[in-house]
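Okay, so subunit A shows up in both of these, paired with subunit B first and subunit C after.
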Partner chain A sequence: MKFRTYGYAGALLALSSLPAETLAATVRVGVVLTYTGGAAQLGQQIDRGMNLYIKQHGSELGEHNIELIKRDSKRPGGDIAKTAVQELITRDQVDLLTGFVFSPNAMASAPLVTRGQVPMVIMNAGTAWIPSLSPYIVRVSFTMWQFGHPMGGYAYDSLDCKSAASGYTDYPPGKDSVAAFKHGFERAGGELVDSIPMGSPREVPDFTPFFQRVKDAKPDCFYVFVPGGNHSTAVVKTFADLGMKQAGIRLIGPGDITQDTKLQSMGEDAVGLVTMHHYSADYETPENKAFVQAWKAEYGADTTPDFMGVAGWDGMAAIFHVIRSQNGKIDADGAIQALRGWKFNSPRGPILIDPDTRDIVQDVHIHKVVKSGDRLAIQVVGTIPQVKDPCKALSLGKCAN
Partner chain B sequence: MSEFLNVVISIVFDGLAYAMILFIISVGLSVTMGLMGFVNLAHGVFAMAGGYATVAIMSQLGIGFLPALLCAGVAIGVASLVLEQTLYAPLYKAGELDQLLLSIGLVFMASGAFTYFFGPDPISVQIPDYLHGQIDLGVRSFPTYRVFMIAVGIAMALGLWISLERTLIGARIRAAVDNRPMAEAVGINVNRLFKLTFALGSGIAAIGGGLAIDILGLTPNFAIQYLVLFLIVVAVGGLGTIRGTFVAALALGIIDNAGKYLWPEGGAFFIYAVAIAILLWRPSGLFGRTD
Partner chain C sequence: MPSLVGSHTRRQQMQPTQNNQHPSRRHRWHLAEALPWVIAVGAYFVFPDYLAFGTQILITIIFAISLDLILGYAGIVTLGHAAYFGTGAYAAGMLSAHLGWNEPISGLVLAGTAAAVMGWISGLVLLRYRGLALIMLTLATAILLYELANTFEDITGGFDGLLGIHISPLLGKFDNDLWGHNYYWYTLTVLVIVFLAARRVVFSPFGRSLIGIRDNVQRMHAIGTPVYRRLVTIYTISAGLAGIAGGLFAQSNAFVTLDVLGFARSGTILVILILGGTGRLYGAFVGAVVYMVVEDELTKLSPEFWEFGVGLVLVLVVLFARRGLLGFITDMNELMHKARS
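Right after this comes the complex of A and B.
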């Protein structure tokens, strides 16, 4: 039982028996992002990506309008996001939900979107099994397994890592990412000697004791997952301060540790880092160059999009696709149906929503940090085309069924 | 065996560096609480302000890290006197709850104010090149900055200890901590003494805040994030004692590091367990007076 503002218009319409095509609808989209606090920069990235898409493609909605109702989820804990989602569904009666930087925020909200029957387009939150939590979840960002799993094989085969340790921020995507790496690495023949939880996502810890433990264990590779944002700079700094590179240990991880917005502040210490990811602002494709150029024109020459910004852009493209295909009248099952198998030419490359899992399928690239003039740049040294989430493909752990 | 030794050295060394930060920031809190009995939860704000002041002074005046640290220490020390005069002094006779509310309010206001002026992201500090990298101390190499941190901490502890034990002002402070009415009766101006130690403690905390940036990072949440830790150090060490604060910082710093190194799954469990155990054994802290 849901009443929406355009419901009245619909009733009037039925009385006057006008053709449905002429009805201009305002689609209400609830946006749940970290707008304040330590993760505000992540929310801002996604927000900017969304708004840039609306600005450039707004006319494609025809007579329909889109209204964004923004709510601040502040921190990774899930509690504030859940309250926000509840209010958006019951009070604001939104047609769609989107945003979600942190996995726990998406997980806590999943039961609500199932009950409220509101489609949810996830723009970051990468824990593999999140789309399984509700039939109304679609993800346009990534899954931790898309990077961790191939990285395991690549580290063993191409980086000459026979032994490895992993360190992770202690919350669901961290555990997921190192589980993916472990599976990929051990399957290739490597030996994972240690796996270390390294504090919470909320505050950046002093990584020294954890990294020192790894340094003393002397593995060939050290796989690190930390959430996007401020943790990554501290990871690269601690790694350099402890002289781990000189001790013969290679730092690897998903691309979160070489996020475009953080890369320049890492300095020389980041050169040579190898990560696995789906996006960098340095990609040389025409689509990405146009995207980055538009971004800088809109938000300033010293800004750059990163993988979260591009997810905001792509997520909004997905929402536009839903609005157009449903002609402004959003019905949850129809919206999900419209997104199954949806293809889009993203700045990151071609993407597809897997019809079975409602999760993203995309190219995954091997990134290497190189010095280019006086700035650091991401060089693509290899590409794995159209990767489906390996966790669900292999039916492992919580991804089973 | 050498591997075992290596682990011990790792733990003790990093623990020492961490302990020195705890000591430098907490020592002022211990002495002022011992002297005035004022529950000042906002003490960490001075450390945080010192960190931001160091970075601001470096970029505005274009001077190096070490001179900027000293300037920040003096500036925050003087600024803290203004706060003391206007906000703290009226509440000296008030109950602990009022003092607690005032000072925790200051913490939240400071957090908001620093977010407004400096943004929510961590800021970093340009430390001089000679403090970068690794230094070989014979047995093995250590991060240079942490060696420097340990040296500064020990020098500061010695300096404070000597001035408290061997100077006239130090004798007056000890007298006032021991028995305030008696000290006042023999003509010691405890209020003026308190202002002096308050400013000194805040200034030292500010220097600690500046020194801590490269190790703990610095965000507008600093004063909240580490508040509990500073209070634990003071409580475990005992109020009004430099030696107690030093020993408590050492013990807690090294134990926290050992816990994270040996049993990372345990998180911050160790430091709290040890604090509780010590306080059960000695409710007034290791070196606190039990009268």
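Right after this comes the complex of A and C.
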């Protein structure tokens, strides 16, 4: 017995009023996400963003239907995702693939989508060079370099940081983020005095010794990458406990440390934190207000979308664009052609798929944590428009080929 | 020594029924032993769309057999068997990614050798201990290797994985196609060889002495068996087979991440073997197929809540079939016989 999750067939309503000139097609989309384990929350955000888009815009598909076939990629090991992708391509014969939370899962699957000629819309997986691995990959999320690199320049030019130290959780997003910051900061003219690995993403370390080392080095800025949640709460708390603010050190980082879903648990000490990111639920644009309102109506007033939810929404918008432009009959080369240079008014602002790299181009905002009533909120204090992935733009390291 | 004798008789009651047969006949092939191979070949034709998944099952069976040799026959409880699976996987992967050694069969032999060497070196230290200390040290070995691979990510690819593995077609002809046809046969062939080797080991005098060590180590010492040396030997063989499973894993996926050394892999293979039944070789087949098929089907049924179903199956097995599924079947058989006579 096979059970499948069917997407909303909003088209059924439209069908009655439309003359059936073209044949109605059912487009099968394979969704590979982490639905269980430590990263289940991330998979859930994307899944909700995706479903919300289908619910709100399902009728725009005309007479076509969309069917989602969901698979759990479980761990970041690559093998489970790869087997799932293989079966989705050969047995379920999906027209498109999407999802992918962990970078290794997208990387392991890249050769399969090349061979099977199935377009793949990546909704998270932020390692910079992933779209170079297959001509059928398009990414709507971000790369770590899009925040760390401009943050380096911004810290030197606008925050008056002439010297900086960095601390990071010791896994690829952390290393990427700090490498990007170092490059951007040194290119602007700053001096990075120290770079400290601070434990694994699995458990929250005692940050005191690392932070004390930074305090003794007395840089102007301290750039920190840690996963959102307990890690970032501990970072903010340790920073306050050691009196580093009073010592003249400014805490900065990418927006991962002030993720919307985790922000409220960070406490008063987070106020004044400056981060750089492409999305916050607190954006005041009409698109975002409508999005957040629809989200809360669908999933409860105490829930909030974060950048993952938006990636699910935007990724589904990209898939809808492909279905519409190809009139329901998906051809891989045509789909990628349709997505090259695709523009969309996302809740995060205007986004574009770079025609050359098939990667996302988006506005990056400078966030400041402020107190608004009894909750913490993100205030946008500056915007860097239409940032391309700096790693590929500058041909650095593995991004060179 | 009354206590010793007591423990001996108690243990003997727990033995699988194969010990009831006459020793000179134990090693002979039974008709029922053809069953798994008929199923494996039949599966190729019945489920042509599931072959990539089938290949993963076959790899898991090889890994489980390697664990059965030390856990089921020699009584070495380990929580770090992924160390050797991972060593094999990284050996096969890095041979291709860094040295351009893309020939799969020699790559697989080297993967097994690398893991056997790793097993021998670590076994020399580990097997001086028994019980809880041994369990903790096997766990520590796997964690050490994991962090080693994490630290040297320039060579291993670290968390993000080792890119650039390009395995040549088998025998210059058979590529790893999208449907997994060729690799299914490749893996099945390797499984046959591994199984025959393991079966030979188990029924040899050497294998019998391992069972003696498992059941009563004092007595084996007393009759002059070189216990430590026997354990190191079987540990090395087992690590080599685990390395072959890892090598196949790396070749079939053309991708290796830190996950191959992870604790989850060590734990899962232990669960799979105990589910099927330890100390009977075929437990590896039953455990791997049942666990992986149940997990796969439940994942499709409900991507969010499949873990509950897997947990429920395991709880039921622990409650009602303590010696694994195969043990349950033999116990039932015995009950029927007793009822008849």
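The rule is short, and it goes like this: the second predicted complex is superposed on the first by the 327 of 401 C-alpha atoms of A that agree within 3 Å, B and C clash if a C-alpha of one lies under 4 Å from a C-alpha of the other, contacts with A are read in each partner's own complex, and residues count from 1 in each chain.
Methods note: a contact is a pair of C-beta atoms (placed from the backbone, for glycine too) under 8 Å apart; a residue touches a chain by one contact, two chains touch by 3 or more.
Since this is a predicted model, take the numbers as computed values, not measurements.
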Under the stated touch criterion, which partner chain does A:Tyr171 make contact with: subunit B (first), subunit C (second), both, or neither?
second
Now for A:Ser265: first (subunit B), second (subunit C), both, or neither, which partner does it touch?
first
Figure out whether A:Asn230 sits in contact with subunit B (first) or subunit C (second), or with both, or with neither.
first
Residue contacts with subunit A in the superposition, subunit B compared against subunit C
C
If we overlay the two complexes on their shared chain A, which of subunit B and subunit C does A:Pro209 touch? Say first, second, both or neither.
first
Classify the contacts of A:Thr127 with the two partner chains as first (subunit B alone), second (subunit C alone), both, or neither.
second
Output check: A:Pro197 vs subunit B and subunit C. Expected answer is one of first, second, both, neither. What do you get?
first
Which of subunit B and subunit C A:Thr36 touches, first, second, both or neither:
both
Looking at A:Gln362, would you say it contacts subunit B, subunit C, both, or neither? Reply first, second, both or neither.
neither
Is A:Asp72 in contact with subunit B, with subunit C, with both, or with neither (first, second, both, neither)?
second
Per the definitions at the top, what is the overlap between the subunit A residues touching subunit B and those touching subunit C?
36, 40, 170
Enumerate the contact residues on subunit A facing subunit C in the complex.
2-4, 33, 35-36, 40, 70-72, 75-79, 82-83, 86-87, 89-91, 103-104, 107-108, 111-112, 115-116, 127, 133, 170-172
Subunit B to subunit A touching residues, read off their complex
3, 6-7, 10-11, 14, 18, 120-122, 124, 133-134, 141, 143, 145, 215-217, 219, 221, 225, 257, 260-261, 264-265, 267
What does subunit C use to touch subunit A in their complex?
49-50, 52-53, 56, 150, 158-161, 163, 178-180, 249, 253-260, 262, 264, 299-304, 306-307
Which residues, counting only subunit A, touch subunit B once they are in their complex?
36-38, 40-41, 170, 196-199, 203-204, 206, 208-210, 212-213, 215-216, 230, 233-234, 241-243, 246, 265
